[in-house]
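First the structure, in the form of structure tokens, and then the observations on it.
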Amino acid sequence: MSLVLNFWLRVTALFSGFGEQFRAMNKWQRYSAYGLGVVALYLLPYWPDVPVLGQIVNTPGSQFETVLNDQVVIFVLIALGLNVVVGIAGLLDLGYVGFYAVGAYVTAILTSAHGNLPWLLALPIAVVISMLFGLILGTPTLRLRGDYLAIVTLGFGEIIRLTAKNMDWLGASRGISNIKKPPSMFGLKFGVLDAKPYFYLGLTMVFIVIFILHRLEYSRVGRAWVAIREDEDAAELMGVNTFKFKLWAFTIGAGIGGLAGVHYAGKVGFINPDNFPLQLSILFLAAVVLGGSGNMYGAILGGILVAYMPERLRNFSDKRILVFGIVLVLMMVFRPEGILPKRVGNEHKKRRARSQEGEVAS
Amino acid sequence: MSEVLLDFNNVTMQFGGVTALNEVSLQIKQGEILGLIGPNGAGKTTCFNVMTGVYAPTLGTVSFEGKNLAKLKRFEITKVGIARTFQNIRLFSEMTALENVMVGADARKKASVGGAILRTSRQRHEEKESRERSMELLQFMGISDRAETAARNLPYGYQRRLEIARALATEPKLLCLDEPAAGFNPAEKEELNELILKIREQGYTVLLIEHDMNVVMKVSDRVAVLDFGQKIADGLPADVRNNPAVIAAYLGVEDNAS
Amino acid sequence: MLLEVNDLHVFYGRIEAIKGISFTVGEGEIVTLIGANGAGKTTTMRTISGVRTVAQGSIKFEGQDITKMAPHDRVKLGICQAPEGRGIFPGMTVRENLDMGTYVRGGNAAEKAADLEHVFHLFPRLQERITQLGGTLSGGEQQMLAIGRALMSRPRLLLLDEPSMGLAPMLIAQIFEIIKQINSEGISVLLVEQNATQALRTARRGYVLETGHVVKEGSGQLLLDDPAVRAAYLGG
Amino acid sequence: MKKSVLRVGASMLVLSLVGVACGGSDDSSADACEGNSKIAFFGALTGEAGNLGINIKKGLDLAVAQHNEANPDAQIDVEAYDSQGDPDQAPALADKAIADACVKGIVGPAFSGESAAVNAKFEEAGLPLITPSATNPDLSKNGWDVFHRALAGDDKQGPGAASRIVADGKMKVGVIDDNSEYGKGLADIVQTSLGDKAVELNSLDPEAADYSAVITAAKDAGVDAVFFGGYYAAAGKLAKQMADAGVTAQFYSGDGTLDVGFIEAAGPAAEGAILTCTCAPKDSNPEFLKAFQDANKGEDPATYAAEAYDAASVFLAAMKDGKTSRGDILKFINSYDAAGVTKQLNWDEAGEVTGSAVYAYEIKDGAIKGIGLIK
Amino acid sequence: MPDWLIIRTFWELTVTGLALGSIYALVALGYTLVYGVLRLINFAHSEIFMVGTFGALLASSQFLSIPLLEDGNYPYRTGMTLIIFLVFIMLIAMLFSGIGAVVLERVAYRPLRGNGDAFGAIVLAFLTAFIVSLVFVDQAKINVIIALLATAPISYAYMRFFKQGRKAPRLAFLISAIGASTAISEAVGVWSKHGRDQYQTPRLLEKKTLFTMFGTDVRIDYAIVIVGALLMMTALTLFVNKTRLGRGVRAVAQDAETSRILGVNVDLIIIVTFALGGVMAGGAAMLFTLVYDQTRFNIGFILGVKSFTAAVLGGIGNLKGALLGGLLLGLVENYGSAIFGGQWKDVIAFVVLLVVLMFRPTGLLGESLGKARV
């Protein structure tokens, strides 16, 4: 087992090594590395056709690009959104699936059940309404302390699902079908068979969200969030309007959850309340914490793993959920901060430098 | 110079039957360093918390520049111009030193979510301002060499100073320091004394809660003594030092014991 | 020697709170540790009680090394503490709080009753409050309760962390009288105090702590007369 | 050192480009199947609804095994796509099935929910499907050419159940559902068909342990019969709790309840319950019964196994007829008209099997007994 | 008309609501105890309940060899036999749940407290080896053999890791709990005899009407559940208030640090707390099977969520709150179902919770295990 631990240390060292090399590069080199990475990501659907690599990444029982879109992209979007709420602002939300559902349902209602809007128009409306739901839920509940907030949000997620299930206007348990698909653009046809255009669209959404969150995180807003997470009272005494910023975190998180819902609804064309069970909220949270709560890239990695691994491990058939549960426990025992824990400042660089100095000295 | 900045008028504070402060009146004048001393548990920290809006007084009023603080929310008190440090250090431990100070500096900034996403010119300007001001403060406190270190990894002395820097960043009129010398050795205390005086020179009014007589007596313009929730003395350091009531309460009951 | 602390180092997270202190408490002695807030007094006390782990150095009790012993075993050996801030269980009655003192020792009902009698003899106020919840007591009563509770464990060494904190002068005097009385019954006392004058008067020997180091030691009177100590802790 | 990041990025890019090139060649050979043709099972084999899928797959396996035995040089494989009945997992599996040129037909999708999520894909790909179990009436209203049902939908079953209830002389029928797509749909149809004889008693939460609220309502309404739209586990609990609460109303339910699990869960309370199904009783075709028992260690075919066998037989017939492309097979199915083990198999435009046989079953002596067609 | 249903059937709804509420309350106690002592939502407590129902199932069908049906009817027992059987089944269920809770604590929580011991290391090592072996073969027996062989070296490595004593952040506990919850329920779903199917438990007690009150028949099983739950709760309260260990539990809940100073073995108290919660859940599980005669691998999930809601409703960390919250939730659900229809049951439950928390942010009775007194 020490072998495994050792291996693990190596892998993480490799990544941190990457980080340092990255910082050491000049601007031009850095941007080209980014560019190459982005292009490679957009080419992901073709990876299974590559020899060797394809063997490793391909999902045995299901279509790889569909998994990429329907599972991975959706989970990554959601992990990004939930990470704002849980990871950065430190608000425990166990009902995140509610916002995902709102996004999907608004799209469904506007483009199919009670309207005939194009998907592209439904998108902003759905995101805004999801944010409104965040606001509506957050205003009364954000005064509650951590664990109380958790159960209230959990209840909220259930209320959303059950309301959808019980109201004929929302399609009740039949759900809503014939949801409009995204319009064909840039030569991409959003049909039923080919998942690739959806993946490109979803990946673009992910990049946009990363861009926005990156800007938020390294601004007054992001600092306020982290300050609230670290010590809410101290933050307030340092002049942070904690309620306002908590509400913002909730609202932005809700918006991203809603966006994921819009994308999902547009892709599948059919939703019903059973697509939004309570267990999904828990899975979302697991993704964020597994990857590294508070670290955007950790959350992304968590989202990828939680979405992709069950498909990759289809051979385990009915044991994959069991394996998932055990892995969660093991991860939390041995790496409680997640796979990519949040990093603060440049201390790790300093530490390394210092240890090198030490070596020279001795 | 002698304008009253903070007026503590007949404040009583009770917690479930226990009286922590009993009709305390206290004034802090513009530009002075007021030392507040008293035995542990005498009510200094409660006094402090009432002042910074953590608790609302049971009776009496606290006003700052004539404005009643009771109605204000906690974060608004910072905006009015009161900043504080904490007895048991409460930094944002997962943020760098610089970010900690920037949170303080942000108190005076306006840009919010929209500005941050769009990177408006105002936001960029404010961001730059915050960063520069925070860096200056770190330099002022002599801890800028560890600006990029996570607060939790800073040495103790740095953490204490970082708290002061963070408080200063909110551009307070009144800076409240809660036992800033706790855990310092004499040399460090000496440095702290100088620092406090330097802060005052910059135009801040300082309220200093401290246990160490060396620190309090050396830097304070005026010293108030709390004991058992009551103010028992208020005056120049030399006078307070020789006040029999203070000696009895604070320095031990030496006279009736001997 | 009853208690021997040798080159003790203790960390709080990454911060070294105790940087190698040594001191002893003899059989039947009252020894005091004085120093400013943050000097490491409370950490020392908690380390002796075993709730902080020792990074380096050793603690011996009656010659037995207890550096790594679990807290409850130390209580069994006869080390009990009235912690800083009194540590009263707010939701328990005075009686139940006192019973917590016998938690480790157990003992039969008669023994407990005798101990209880003894505590009530020292602190008659507690008897009046016996069914009241700990959280509703005044500061002085809580301090009495904390000391009484520690006594219920029949300690050989009583650790008192800031017993005078937040008490009115009258009460402080009373508490120190009781400390002397307890000591006269053969219980050694290690006393941590900010009220240095009072503490040094009560104690046979004292140690001055500063940022995790012992900077001075000597008999109570010697330290009381030391000008540097007077300047730093006694207000000149 | 510095450049290694670039190098890794570049090599990944190159690899991907290779992939694009290879992938391109794949598309042109969509119809090229190397190896045996396959009939795919699509539905749950694991997860909470796994049992139903296993029944179906056994019927499919039997048909294919018989075919392979009879035609040694034209072997057919069975490919299973285990969706766990989950509409979220279904699309990636459906795409995989579509991408596999050897898959010529789908027996499934087993559930209505996943059907709604993926049938459009099969339609687009022209991959014919025959579902042996998804009975939601709405499914046939989408204009899907590839869609076929090997049994009648709930719009046939509901009125059938209602007429049986009426024929039994019941005057006041409490209608309960499990708030699922299937259960509520069926219960609504039954309720409409019953007209003023029906008393709506709302839904229950099938996952909950306690149904006393709805039972209290039934008791209060004084019903002489109860129709439950939902699955067997909940039906069993409901029947038992009703009996315990002293409700003596006759228990009716639909095909979701047609499982020994119902009898196990309800115990003696199941006795006399009447269930309807558009599926045929296991003994309706002795030949099939015997073949199934032989192939499955004496086990009786459970619900939908016979329908799956029929569905598979149609595909096999097409292949035997020399049809190899999906399009040809689809045409073959659309014009198919022959007797299956359960019924005459031919489909209308919408994909509904003609002839709307609804069978009634009764629980007697702890076993399910077919009691004939409902007129 | 449905508006009047609640009035016509009020007492009947009250009886059934109280019965279900009693079970909620017993399970809620587990959440409350652990929260009181560790400030941790023991998300896996629902599975402890589930394990208890399987304990009850095994006790009756395996240990007592009672068939599901005898000659086509329930295997009713009467008199002393019945009482002995029921007590036996309850004890076994409590044993299952109690052991389950303690194992859970040591494997999934204790290492996160920076306090992992050999037991946790061995179990975790076994699980690690087991899932790794699954990659290569998928045959339970072979997997177990491989896992057992690899356990020793892996647990050695794990022990070394535990020695570092790293404490995990709060969220990690929650995720570990979720993982454990998933794993326990799936393990039963995968490896029990009928897998994920519903299981029936033999019905020993004939569900006759015991007495009639307000025109409503009160069935004997409901009466047993309500009385049994109240008895267990009284026993627990007595234990917590009157015994030495119970005092330890209260002391740790109020002030863990001082408790340690006074010589309370906090790790032991935590084990006791989990065991108590487990025993209560086991009792609840037996009472549950007594009324509903069935269980399933996922039966804990919804019941757990409800019970946790009940605990919060009453004031988490407060024993009396758990009772109040449980009963209240059971009643509210029943009344609400009668008014709005069963499909709105959970919505009603959560709306009530929301409203209560709006006005009383720490639940009806407030938190604190220490203050819970009879």
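Order as written gives the chain letters A, B, C, D and E; numbering starts at 1 within each chain.
Definition applied: a residue touches a chain if its C-beta (ideal position, glycine included) is under 8 Å from a C-beta of that chain, and two chains touch if they have at least 3 such contacts.
What you are looking at is a predicted structure, and each value in this text was computed from that prediction instead of being measured.
**Student:** Applying the touch definition from the top, give me the chains sitting in contact with each of chain B and chain D.
**Tutor:** The common neighbours are A.
**Student:** Which chain has its C-alpha centroid at the greatest distance from the C-alpha centroid of chain B?
**Tutor:** Most remote chain from chain B, centroid-wise, comes out as D.
**Student:** Comparing C-E against D-E, which pair counts more contacting C-beta pairs?
**Tutor:** If we tally the C-beta pairs in contact for D-E and C-E, the bigger total goes to D-E.
**Student:** Go ahead and note the Å separation of the Cα centroids belonging to chain C and chain D.
**Tutor:** About 75 Å, centre to centre.
**Student:** From the mean C-alpha coordinate of chain A to that of chain E, what's the distance rounded to whole Å?
**Tutor:** Centres of chain A and chain E (C-alpha means) sit 32 Å apart.
**Student:** Determine the centre-to-centre distance between chain A and chain B, using the mean Cα coordinates as centres, and give it in whole Å.
**Tutor:** A distance of 41 Å separates the two centres.
**Student:** For chain A and chain C, let me know how many angstrom lie between their CA-based centres, rounded off.
**Tutor:** From the centre of chain A to the centre of chain C is 52 Å.
**Student:** Quick check on chain D: which residues sit in contact with 2+ other chains?
**Tutor:** 47, 50, 179, 203
**Student:** Enumerate the residues of chain B that touch no fewer than two other chains.
**Tutor:** Touching at least two other chains: 153.
**Student:** Chain A: which residues touch two or more other chains?
**Tutor:** 165-166, 317-318
**Student:** Applying that definition of touch, give me each pair of chains that meets it.
**Tutor:** Inter-chain contacts occur between A-B, A-D, A-E, B-C, C-E, D-E.
**Student:** What residues of chain D sit close enough to touch chain E in their complex?
**Tutor:** Result: residues 47-48, 50-51, 179, 202-205, 207-214, 216-217, 219-220, 233, 236-237, 240-241, 244, 246, 261, 264-265, 267-268, 365-366 of chain D touch chain E.
**Student:** Give every residue of chain B touching chain C within the complex, in rising order.
**Tutor:** 16-18, 39-42, 87, 152-153, 155-156, 179, 181-186, 188, 211-214, 217, 227-228, 241, 246-254, 256-258
**Student:** Hey, which residues of chain A end up touching chain B in the complex?
**Tutor:** Listed in rising order, the residues are 212, 215-216, 219-224, 226-227, 229-231, 233-242, 248, 252, 294, 342, 344-347, 350.
**Student:** Of all residues in chain E, which touch chain A in the complex?
**Tutor:** Against chain A, chain E makes touches at 35, 39, 41, 107-108, 111-112, 116, 124-125, 127-128, 130-131, 134, 138, 150, 153-154, 156-158, 161, 166, 168-176, 178-184, 186-187, 189-190, 301, 305, 308-309, 312, 316, 341, 343-344, 346-347, 349-351, 353-354, 357-358, 361-362.
**Student:** Sort out for me which residues of chain C touch chain E in the complex.
**Tutor:** Spelled out, the residues of chain C in touch with chain E are 46, 49-51, 70-72, 74-76, 80-81, 83, 87, 89-92, 96, 99-101, 103-104, 106, 149-150, 153.
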